[in-house]
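Chains: A, B, C and D, in written order; residue numbering restarts at 1 for each.
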C-alpha cells in the first residue's frame, strides 16, 4: 500500500546506488587507513574490472558462477527454505561434470559430452541437495544446519575421491588428469574471433550464456507456472499451502533439487570451462557469495545478474588491485565485498525508509 | 468532574492512509464507553495511540484532566491505562504467571517477585471473579481464559482505564456474558472501560455511552439509552441496514455428504474429534454451534481434506473416503467441495500475494487459469476484476497486496473465491468474524442464494445470531463430539447456550463416564 | 637487463616455511643487486594463471614459481610464452623455457632423523607431516631411515595432518597431533608441515619436548626446544635463478639439489647450540660425509612410491 | 585403553571450549530472536584482536579485553543492522563474516607484515595451563588420579571459564528478570513492547553478551590454545557452534553436551589420522574427518526430530498487528 506512491526508480536505482556508494566510501577509509590512496585504488579496481576486454571477460567469468549460486539460493528462498549449502552442491556438481568428461573425452565428440556434462552437473548438484531437502520435508530437520553439514561432508568426500581415485599417479597436486580438448567448453573469445570480434582472452566461456538461459528459466518457473505459484505460497504461508491442497513436502524437495542443480552448474564453468581437470576447492566461496547475490538481487533474476556482475567486478578488480599495489593484500577485496553486503543487504532500510517517506509525503501533499 | 480520559484533535497517518483525523473524545470516569465503526475505520489505531503503541502525529491526550504525553506503552501504563488487544499480546509458551509479571517483575531475580505476584493475583481473582490457574501454560488455555490473562495483566499494573479491542470476537455467549459481568464489576470499582466492538447487541447491553467512527473520523457520540441498533448501524455505514436474514424455508433434497463416526487424534494422541456422524442435504444450511475449540475446526479440516481422519468414513460425490483411502484438499476440491476457513489470515489467504493471485488459491491448477505450461495471468486478472465488482471489494484493485485489505474485504475475497466455484458442498467457518455490518449482510445473502440453488452448506460459527439467522438445522458440538441436534425453528439462545456448555444432559453424561470406568 | 618476478603459491610468502624460504632468496637478491623483484600472491586457481600471464605479457623474465600446485598453470603459460623463462621449484615441467628445481629432501631428513635418535631419551621419535602427498612421505621416509640408522631399536610415530592444502596451515591440529605423539612416548618430533609446524613446535615447547623445523631455518621460533631444522635451500634456488639469468647462464631442464650441492642440510645456530653436544656434531659430520660420498644410499620415496630400503 | 580415553577427553575439553563459548553466545542472541551466523566472524575478529594486542602489550589479559571489544563491536554492527534497521539477520551475519575474514588479514599484514599472521606469543602473552594442587602427587593414584591430574587439571583458565558459563547461563535465562524478558522477546516481541519494555534494548543487551562470549572463544583460539593469530583460524567453528546450538535445542545444558560431542569426535579424528587398524588397514582420513558432520545429520534426522526455535526468531520487529 505505502510502496504504491514511491516512484519505482527510487527503489530499483536510487537506493541501491546510495547503499553501494556508502560501502565503497567505508572501503576507501580502510584503504586510507593502511596508507594507500583510495582514489588510485578505486581507479585500478574499476579499470581492472571494466577497463579492458580481458578484464571484462574475467569479471563476467566470476559473475557466471555467482549467477548460478545466486539463483540457487533464491529458488530455495522463494519456498521459504534457506539453502546455505550452495558451496557443497556446486562442489559435487563439479564432480558430476568431471566424471562425465573423464569417462567420455576419449570416446565421444564435444556435442555429446557437453549436454551430458550439463545433465551430470544438475543431477549431482541436485542429489547433494536431496538429502537435506528430504530430511527437512519428511523429518523436519533444520535445513540450515543440514546444508552446512553437507558443505563439510562434500569437501571431505571430494578430497577422498580425488586423492584416492581420480589423481594421476606420481602427480603431486591433487587433481585429475587434464581432459582431452573435445571435453573443453569453448571460450567466448575463441567463438567470437572468427567473427572478427576480439574480446581479449579470458576464462569467460559458453557457460555464461547457459547462466543467462537459467535466469530466464527461473524467472518463468517462479512467476509464471503453477509450480512457481505453489512454491511462493509455501514460502509465504505454509498453512495456506496445506489448505490449498499443495503437497508441501514434494514442493520443498523439488525446490531444493532445482536449487542444488543450479548450484551444480558452477562445476560446468570451473571444471569444463576453465580448469579442464577435476581439482580441489574450485568453488572458492561462490556458494556463500550466492547468498549475498540473491539477497542483493531481491531474489529476482534480473537483480541477481546485476548483483553477480557487481561481485564479479570486485573479484576481478580486486585481483588487479592487489597486483598493481602489492601492499594491498587481496583480502581487502573480501572486506569490501563484506561491506557491500552489509550496506546494500543488511542495512538496505537505512536509506529506504527515509527516502520513501520523503517521496510519500511529497506524493500525499 | 474531569474526564477519565480526553482526546484532543488526534490525527495519525500511515503512509498514504489517514487512519485517524482530528479525533476528539471525552470519557467520563467510571463509565463503559463503546466505540464502533466499520473495518478500517481507525478504532484499533486510535486505541493503540492512547496506549502509546503508536505515536499520534498531532493532538494530545488528557487523563483525569491533566495533560499527559504518551510516547510508549510504559507511559500509558504509568498513566493508569491498560489495554486488551484485538490480537492477544501473550507469550504463548509462558505460564500465566510469567505473562502477568512480564515488565513488572519486581526485582532482578524472579524468585522475589513471583511470590508477591501470586498473592496479588489471588486477590484480583477474588475481587473480579477472574479465577485462573496461574501456572497453566497460556497456549494450552482456551481463548476465553487467555483474554482473562490479558485483563489480569492490565489490572496487575493498576490500570484505572481499560481498553478492549473487539474482545468478544473470539468468545462464546457464556464467556462474553462473563466478560461483561467482569467489566461491570470493574466499573463499580471506578475503572473506566473503552470497548471496541462490531456487535451492536453488546453496545446496547453493556455501555453507558457510545462513539461512532467512520473512515478515520469521529462521526457521532450517543448516550446508549438514547439510541438504537438501527440508529447506530446507520451512523456506522451511512445507510440503512437490516440485521435479520430473510429467507424462505429450506427444500432439503438428497444427501450430498454424509460422515460416519469421524474421529481424529492429534499428534499427542489426544482424541480431538469423537465419532462425529452427520448428513448434509442439498438445499439446506447445516449450522454447527459450539464454543470455539470444541472440534469444529478439526471437523472442517478433516472434511475438507486438510487434515487426515483417524477413524470413520465420509461418503461424498460417490466416493468413500476413509483413513486408509484418504483424499487431500486438492482432491476434495476436484469433487466440488469448497471451503472458507475459519482463519483467513493463517489459512485462507497468502497476505504477501496480490489480490488476483490470492483469488485463485486452491484452484491454481484449474485449466481456467493455466495455459499448457504457463499460468494465464490475464484470465486471472479479468476474473478478479469481475468478482471485486460483484462483491464490492474495496479498494477494487487486483494488484493491491492482500495484507493491505481490511479484514472485512479480505474475507470477501476468500468467500467470493469459494462461492464462485459453484461447489456442490460449501464448508464455511466464521464467515463474518470481525466483518462490519454492511459486509455481513452481503455475505449472508450470498450464502442463502447458494443454498437456494440446491447446494449444501455446512456453517461453523461462534456467533449464535448468525447460526440462528442462517441455519435450517443446527448441530451442537462439545468437546469434539456432537451433543445435540435441533431444528432452527426450535432454537433460541438459551437452549443452544446450555447445549454448548453440555449442561442439558449432565446426568446421563455422568452415567456414561461410570460406564467407561467400569 | 632481466625483469625478475616471482609467483608464490596460495599459502603466501609468509608461510614460515617453504614460500618464506623463496622470499628470503628474493630479499637477498634485491639487497645485493638493488633490482626489485616483482612479487605476486595469487588467491585462487584462476588468479595463478592470470597472474602468470600478466607477468609474462609485461615481459617479466625469469619468473620463479613456487610449489607443485602451480605445475599445470605454469605449463600452460610457458607454452604460450616461449620467450619467457620460468623456474619452477618442487615441480617438474619438460619445456625448453622451464627450469625445474627439485631437492633430495630424503638426505636432509636422514640427517635430522639420526640427530633425533641421538637426542631421544625414550628411544621413541615422531613425525608430523602436512598434506599427505609423495613429497611429504619423501621427508618421512628419509627421516625414518636416519633414525633407524642411528638406533635400529627406535620406535617412530607418524601422522599426516590431512590431504588438502589446508593441512599445511593448521597449527591447532599440529599441536593436537604432537601432544598425542608425546603421550605415546615420543620426545623428539620432526614437522614437515609448513604452517602446521608452528603448532607442533608450540606443543613441544609447552610439554618440554624437542622439535625439528623444516624448509627454512626455524630454530628461532622456539629457542631452546628446537633441536634443529632440516633446511631446504629454496632461497638459493630462487637466488641462483636470478643471478644466472642476469649473467646469461640460466639453463632450462632439471636441477637436483642434495647434500652435496648444499641444497639441503641441518641447521646449527646459537638458538640450538646448547642442545647439540660435541659428540652429536662429530657423529652427524661422519654421516654427512658418508651420504655425500655415496657410502650411505638414502632411499627416495618418490622413486617407487614405497619406503622399503 | 583407559589411558587413551583420558587423553581423548582431555583433548575434548581443549577442543570444545571455543564451541561452548560460541554456542552459548548464539544462545543469548537467538533466544532474543536474533539469528547469528556471524558467530564465525566474531570469533575470528576476536582471535585477531586478542593476539595482536597480546603481542603488543605482552599480556594475555589485555589481549582478551581487546578481543572482547572487537567481538562486541561486531555484535553491535549486527544489532544496528538487524534491530535498528530491521535488516535481514542472515545477510548481516554473512556480511560480518566476510568483512572480518578480509579485514583481519589486511590489518595484520599492515601492522605485522607477516602475511596475515601475528608474531608468536610467548610467556605472559598467552594463557598458560593451570595445574591443580597435588596434581603430580595424585598422578599415581589409579583412575581418580588420572582423571584428576590428567583430565581435570592442567588446562588454562578459559577452559574452566567456558564450563562455568553453562550453569551461569542457565540461571540467567531461567531465573532472572533479564532472562524472562529475553525469552519473551524471542517468542513474541509485541507482548514485550505492550508490557512497556523496549524490545530493542533487550535485544541489544543480548547481543552484547553474545559479543563477550564470542570474544572469549576467539581469544582462547589465538592466545590460549594456539600462540598467535593465523588467517581464517576460526575454521568453521562458528558454524559448528551454531549447529551445536540448534542441536541442543537452544537450551544451555543440551547445548553443552552437543559441544562436547563435536569436540570429542574432532579429538578422535585428529588421533585416528593415518592410523592403520589391523585387519581393516588404514581408515581413509576423510572418513574420520567427516564423522562429526555425518553423525550430526543422522542425529538431526533421527533422534532430535524437529528443532523448534524461538517463535519470533529472524523476524525484525515492526509495530504492526501480529
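Following the convention adopted for this analysis, a residue touches a chain if its C-beta (ideal position, glycine included) is under 8 Å from a C-beta of that chain, and two chains touch if they have at least 3 such contacts.
All values reported here derive from a predicted model rather than from experimental measurement.
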Chain located farthest away, centre of subunit A as origin (C-alpha): B
Centroid distance [mean C-alpha coordinates] between subunit B and subunit A, Å: 46
Between subunit C and subunit A, distance of the C-alpha-averaged centres to the nearest whole Å: 38
Residue list for subunit B, restricted to those that touch at least two other chains: none
Subunit A residues counted as touching two or more neighbouring chains: 159-160, 329, 331
Contacts with 2+ other chains: residues of subunit D: 116, 285-286, 289
Pairwise chain contacts, counting only pairs that touch as defined: A-B, A-C, A-D, B-D, C-D
Subunit C residues touching subunit A - in the complex, by the definition given at the top: 39-41, 43-47, 50-51, 54, 68-69, 71-72, 90-91, 132-135, 162-165, 302, 305
Complex interface listing, subunit D residues touching subunit B: 175-181, 183-184, 187-188, 190-198, 311, 319, 321-322
In the complex with subunit C, residue positions of subunit D that touch it: 7, 11, 14-15, 113-117, 120, 129, 221, 225-228, 230, 233, 235, 267, 270-271, 273-274, 285-286, 289
In the complex, subunit A residues that touch subunit C: 58, 61, 155, 159-160, 163, 169-170, 172-175, 178, 203, 274-275, 277, 279-282, 284, 319, 322-323, 326, 329-331
Complex contact set, residues of subunit A against subunit D: 30, 33-35, 82, 84, 131, 135, 139-142, 144-146, 148-150, 152-153, 156-157, 159-160, 164, 288, 291-292, 295, 327-329, 331-339, 341-342, 345-350
